[in-house]
Amino acid sequence: MPPDAPASAPARVRGLLAVRLWPRRPALAAAVAVLVALVLLAVLAPLLTSLDPVATDTSATSLKPGSPGHPLGTDLLGRDLWTRMLYGARTSLLVGLTAAAITVGLGVLIGGLAAIAPRWLDGLIARTADVLLALPLLVIVLALAAVAGPSLGLVVAAIALTSWMPVALIVRAELRGRRERLYVRAAYALGLSRWQVMWRHLLPGALPPVASIAAFEVGHAVLTESTLSFLGLGVPPNRPSWGNLLTEAQSHLLTGEWYTVAIPAAAVVVTIVAVNAVAGAVAGPSGEGGTW
Amino acid sequence: MTSSGLTITGLTVDVPGRRVVHGLDLAVPAGRVLALAGPSGGGKTLTARAIAGLHPHGGTVLVNGRPSVRGRDVGYAFQDALASLNPTVTVRRHLTETVKAHGTGDPGAALARFGLDPALAAAHPFELSGGQAQRVALALATVHGPPVLIADEVTTALDPVTQAAVLDLVRAEARDRAILLITHDLAAAARWADDIAVMRDGRIVEQGPADRILADPQSDLARGLVAAATAAPVAAEAPPGDGEAVSVQGLRRVLRSRRRTTVALDGADLAVRPGEAVAIVGRSGSGKSTLVGALAALDRPDAGTVLRGGRDVWALRDRDRRAVRRRTGLVFQDPLASFDPRHTVRQAIAEAGPYDDDLLRYVGLDPAMAARRPATLSGGECQRVAIARALAQKPDVLLADEPTSGLDVLTEDRVLRLLTGLRRDHGITIALVTHDLRVARRVADRVVVLHAGRIVEDVPARALDDARHPETRRLLDATALTGKWA
Amino acid sequence: MPGMVKRPVMAVMAVVLAAAVASACGQGDEPASGKGDGSLTYAIGDEPETFNPGLQDEHTDPVTELVFRGLTRHDRDNKVVPALARSWDIAPDGRTYTFALRPGVTWQDGKPFTADDVKFTIETVRDAGADSPLSRNFTMVRSVEAPDPATVRLRLDEPFAPMLDAVSMGMLPKHLLQGKKLTDPGFGRRPVGTGPFTLTAYKHGQYAELTAFDGYYEGKPGLKKVVVKYVPDDSARLIQLRNGEVDAANLAPQQAGKAGGHRLEVYPTADYRALMFNMKDPVFADRRVRQAMNHAVDRDAITRSVVLGYGTPAKGPLDTGPYAAAPGFAFAPAKAASLMKEAGYAKNAHGSWAKSGRTVKFELTTFAEDSLRVAILNVSATQLKQQGFDVDPRPRPRDWVRKHWGDLQGMVVGWGTPYDPDSSVYGPFASSQALDKGGSNYGSYSNPAADEALEAGRSTLDPAKRKAAYTAFQQALQDDPPFVWISYLKTINAVPKDLTGPAQRTLGHHGYGFFWNAETWRYN
Amino acid sequence: MALRAVRRLATAALVVAALSVVCFGLLDAAPGDPAASVLEARSGGRPPSPAAIAELRGEMGLDDPPPVRYWRWASHALRGDLGTSYMSGRPVTETLGDTVPWTLLLTASAVLLSFAAALAVGLVAALTRRAWLRRGIDLLLFVMGGMPGFVVALLLLYAFAAATHLMPSGGVSRPGEPVTAYGLLAHLMLPACALAFGHHFGVYVRLVENGVGRLRDAPHVQNARVRGLPRRTVVVRHLMRPGLVPFTARLGVGVGTLVAGVYATEVIFSWPGMGREAISAARAQDHPLLIAIVLVTGLIVIAANLAAELIVAALDPRARTGRADAA
């Protein structure tokens, strides 16, 4: 401890969750607002549009954004882009949230196990995660997807199976790091049981980084969903998701319907940016900025 | 004013928003050591950094009558020597790059001057012990022969024997240069400096020859510092009871890390009677902290027994052992790190036992602090919260592991007084670990000296001066107030 | 401190920038096309696994088409004309074909082309079984005789009307393939034929480079080089065309207007799209339901929207050939409604046709990778829903579909051939070719009238009798429709303005056949 | 040190072996019959007869129990024979020989580009005192962090090829023309950039920024300054060398991420690498090819990890002695 601790106190305070949020508050508020709005739009989709996302209308094809009745325009087959974006948000956010939840659950479980496991098991888990992290599991997933046929469940499972490693490694590092901390020793010295120490000191301490990476994982899942769908191996083809919309519209980049690409792409980017903003704020200054 | 050495006039230092050093005047002639002493937060370190050119400042800093050139004129040894060395580069690289930058100096000779084997030049900083690191840092600061050396709290983290050795070497550097010694320890200042400047709140409160300040402090601050440094032992008010509150027999503990194994305790025996205050003294690496861990029933020994109230704690069931721990207060060297950073003071205390404002009042803190987090407290306040937490456990034994080593002298005094008070008011048995015999004397009835994992000395505190074991003598010499450098 | 960082950072930035500038400049001054050296670079999406004509079906990809020649070939009206065979003679019973080979033809490696090669080719393909899709064309060939190097005689077990079409298949060099399997990958990638262009370089996934074959039997081609570049992505093809990276490209309908300074060659194809039904599903049992659905689909609207007019509403499976006779179905919701009522259906609360509580509910699927079929799927599903049919549009991956043919309910399919009708109607519609018999009648369609007509059509060589047979066949499909006919497609190719030679013809699947007369192409 | 190297190599070999088992097992467990796929593909999508499938299965050796097949495959693989592709019938090694160099070229360029740029931007962000610059970088990274790789690729394609005709949009050269260094650089630019500046780019910038920024006021850097060392030495030796250790330690993972991103990039830019091959192999259940590609990718990543470890060891002596805190 430096002798002039009080002088350095403000710097330390920034490390604490609550106070840390101050400097970036406007950006954070905007990010949260965006996410809340997106979730609301997705949940309330049937109330916000009366159209069917897959219904075509050959009398209203390729309408530009701002056309009457079609605020975001229509695609080549006359499907309303606003409706498709709303229902797409449902799918993309559903996949993103579920996959992230499973990823984080799996990661916390495995990471927690590694943290309390005997050395050999811990080493095994850590090594395995390292190796898996480095390998293109996506290829295998592609193969499985090609055979089994796309389904939401498969996408979610694929994302979770290929992205639990960073979570597990971070949880493990956090828990192990914290286990060595003096305050944990102090807690044992107070007569607390293992369980109490874990519950009161280890887990809550590991929470901000886990919360942060959980947020990143949501973004990552949305991103992976769109990539998988882009490769034709993600969400079932006719089900609107942002990734599917992008895939379908991709060939219109150069033709008149550029907005059918731009709008879903923007939605993906805005969502991930907002999620990352929240994640970054939760992580605090030491967070390296999460995953990949 | 002499033109040789360091001359400072009207030095001001600002940090964003406020002024920390208000017009300081100092002169350190070549060949003399000036100790800049004072409590934490007084601006000592900022002053030193400003002189070295690490921090912008107002006023003038002259070296040998000319404005100082950064790097060339002022050598600077940092408080945390290890951290001040680049971990990825060898000692030799550090020395040669400085030599190259200034075109003068001899790395081998610099190491030799600080009593280091020139072969150490091939080592990386992390391979050095604390004392070695500090010597390397000093060699690095002086290798190119700067006319001024600033030693900024260079011995805070060292045990007294090493501290004495290092400061002797610093003192020896004063032959041809001016030395500014930054310290919060007036005893050290008195022993190794020619002159002392006492500083508080960015101003020099008192300045004069060391002997004079020690003998006849004029300002309240100097008086307080002197009093703290020379405080008399506190006699035990309640005689210790019979039996054993806690004892260890034939304790052996081996620490294994990936790279090496260390025998930290090698057959240590110790018994502490109820109500007694025992100081466990030893140098770094003597096994003191390991002994505390064993006494607290936290770490299972490899051999030997730990008895609490006559029962072997490692033969108990888990639940009963936890009950033993609950009756044992533990205060750490780094109090801040011993608190969960997310918990408030109130939460931290409540975890040990029912929270009560009186606990904070007892340790001399404002109950309003209960809502704050430990990180916002000063080191002394933190340590007092730690004691309050230990108190909340209603312990019958309090173990304190170097509770004052990070604190300045005045704060240390307050904490030590609290500990003695604890014993007086609550009859708590105290085992205090320290490397500082002065601290031991102030608190303990009995002093045991730990050396290489064994108890080598066990004497009543008042008979400490007559102790014969060489290790005890070394510790005594290192903390002697008088007995100037020779 | 900020100054401290500059040098290394600047160095890195400089390198990155230099690389960017260098590459940008490198591109800028490249010529926009290879016209100067008489070469044509053409971008197409599909790349075959092999260039062996024996392993492809009758719609051959450009490379195979340019490298190989068959005994016969098709002219601009898709009539069979001589190629490697100078002339032929068919015995009156239709069981013996005698071909007189063109003299002096050599393989691209210089070896002479002889009757032995023809014998080898036909026997090998016939015996290849499942390995070769074309083996079905030769199963009735009892023997192939080569009495002399310039004569080949086929003896058939039974008459097979499309035989002259069948031998338009590229002939294979015996001296290179003898002793090897037909599927030999080496030959499939480095083919040697008797066609106007030689494959001189092939990079899988990139391009195939074809050089004019000096020894081509009709004389040296006008172009020195044809490079076929494989660019699967629609946008990428357009970008490369506009960017000057390719001279010509196969384009999607919506890209037609964006081809810049190129000439569009828009040709009709025999390739139609239709909704196929699985007759094993009771929903489709009543022919009136299928007729009603045919009346419920607005083909004009689909042609207008999905292919932007680059298509023709379909009436039946043979619209583009000489046997076209299908009356077709008009878009007539009232007619559809009356047919449904006649079949005993009534509109339920959701506006769907229902009979005893069951709606006309089925899943309509297709290859999800095929965006055109998916578009047709969605538009026709919407139209059918509007008319009260309970359609669930659900594209699925190609691999999934392939493994579930028998479980499909409805599927957007594509068939059609510009050549002899038999090859594209016998398989899909003859009950003998039903799926569970190993055929390609995936809907298990069974119609005795159609069967009879199909057999008649393939077993006679008399043009008038064949015409009558196929007219009867189309009428049978009109009465009991196996499909909802949607649209014939047109293929769009952008070529350099100064390229002469491409001539309109009805093309095959994927628009293959664009290079049918490439030996006559040249730059002005 | 030598012992460590041997151990690392042994571990790597073990990982490759484990990977091959996993791939083999996963593909084996997947529903679907490669023999049927092959026949369907050969017959233009017509369902093959059970007899033909059975025959081909026998020919392909698919009827043996999985361990036998794995052993057969592995023993061949050890002798450098990775089998033949189900679809094209070509030896897998030939296909790899055609495609892997292109993927390596693309990946290596992207790695260099990505890491060099991350280094540059990260250093600027860490060391600049100009708030607007740092905020600008923050914003840029934020937006980039939200961009899927294929969106970046499409944007680049549109901006540089479609709209401005500045750069070629795909392939490695004009077909039929020899590949020149100059032309190759031009064709490499867009795909390499697309791969390099995906959503992961920000992570590397942050690693540099935090690694170096954390040390900006570290005691040893101050010590270096107070000793009057030249700025260059202070920045390079005392700030960057230790500060880049976390960044370097992640290079291996970074290469892995880039390799994973190569699939979409290769598809979009018609790059003739193994990524495109992998996707078609996955779709066609071409197991020999697929396994080989996965293994090659694994090898690349493992090699990258080893290289990163070596660099870290060179940068940071703590890593040499196996101290965990170096990373």
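Per-chain numbering from 1; labels A, B, C and D assigned in written order.
The working rule: a residue touches a chain if its C-beta (ideal position, glycine included) is under 8 Å from a C-beta of that chain, and two chains touch if they have at least 3 such contacts.
For clarity, every value in this text was computed on a predicted model and none was experimentally measured.
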Could you work out which chain's C-alpha centre is the most distant one from the centre of subunit D?
B
Euclidean distance of C-alpha centroids - subunit B vs subunit C, Å
87
Averaging only over C-alpha atoms, locate the centres of subunit A and subunit C and give their separation in whole Å.
44
Mean-CA-position distance for subunit D and subunit A (Å)
22
Separation of mean Cα positions, subunit D and subunit B [Å, integer]
51
Where subunit B touches two or more other chains at once, the residues are none
Among subunit C residues, those touching two or more other chains are 233, 235, 238-239, 242, 397, 399
Where does subunit A touch two or more other chains at once, residue-wise?
146-147, 233, 250, 253-254
All pairs of touching chains, please: list them by chain label.
A-B, A-C, A-D, B-D, C-D
Subunit A partner contacts - residues on subunit B that touch it in the complex:
40-41, 45, 79, 153, 156, 184, 296, 298, 318, 322-326, 328, 330, 332, 334-342, 351-352, 373, 375-379, 382, 389, 393, 406-408
Okay, in this complex, where on subunit D does subunit A touch?
11, 15, 18-19, 23, 26-27, 30-32, 141-143, 145-151, 154, 157-158, 162, 199-200, 202-203, 206-207, 210, 246, 252-257, 259-260, 263-264, 267, 278-279, 281-285, 290, 293-294, 297-298, 301-302, 304-305
Contacts from subunit B onto subunit D in the complex sit at residues 52-54, 69-72, 74-76, 78, 80, 83-90, 93, 97-98, 101-102, 124, 126, 137, 140-141, 144, 258-259
Residue ranges of subunit C in contact with subunit A within the complex:
233-235, 238-239, 242, 252, 254-255, 257-258, 298, 301-302, 304-306, 368-369, 371, 374-375, 377-379, 381-382, 385, 393-397, 399-400
Please output the residues of subunit D touching subunit C within their complex, sorted ascending.
32, 36-37, 39-49, 52, 84, 87-90, 95, 98-99, 113, 116-117, 119-120, 123-124, 127-130, 157, 161-162, 165-172, 174-176, 182-183, 185-186, 188-189, 216, 231-232, 234-236, 240, 267-270, 272, 276-277, 283-285
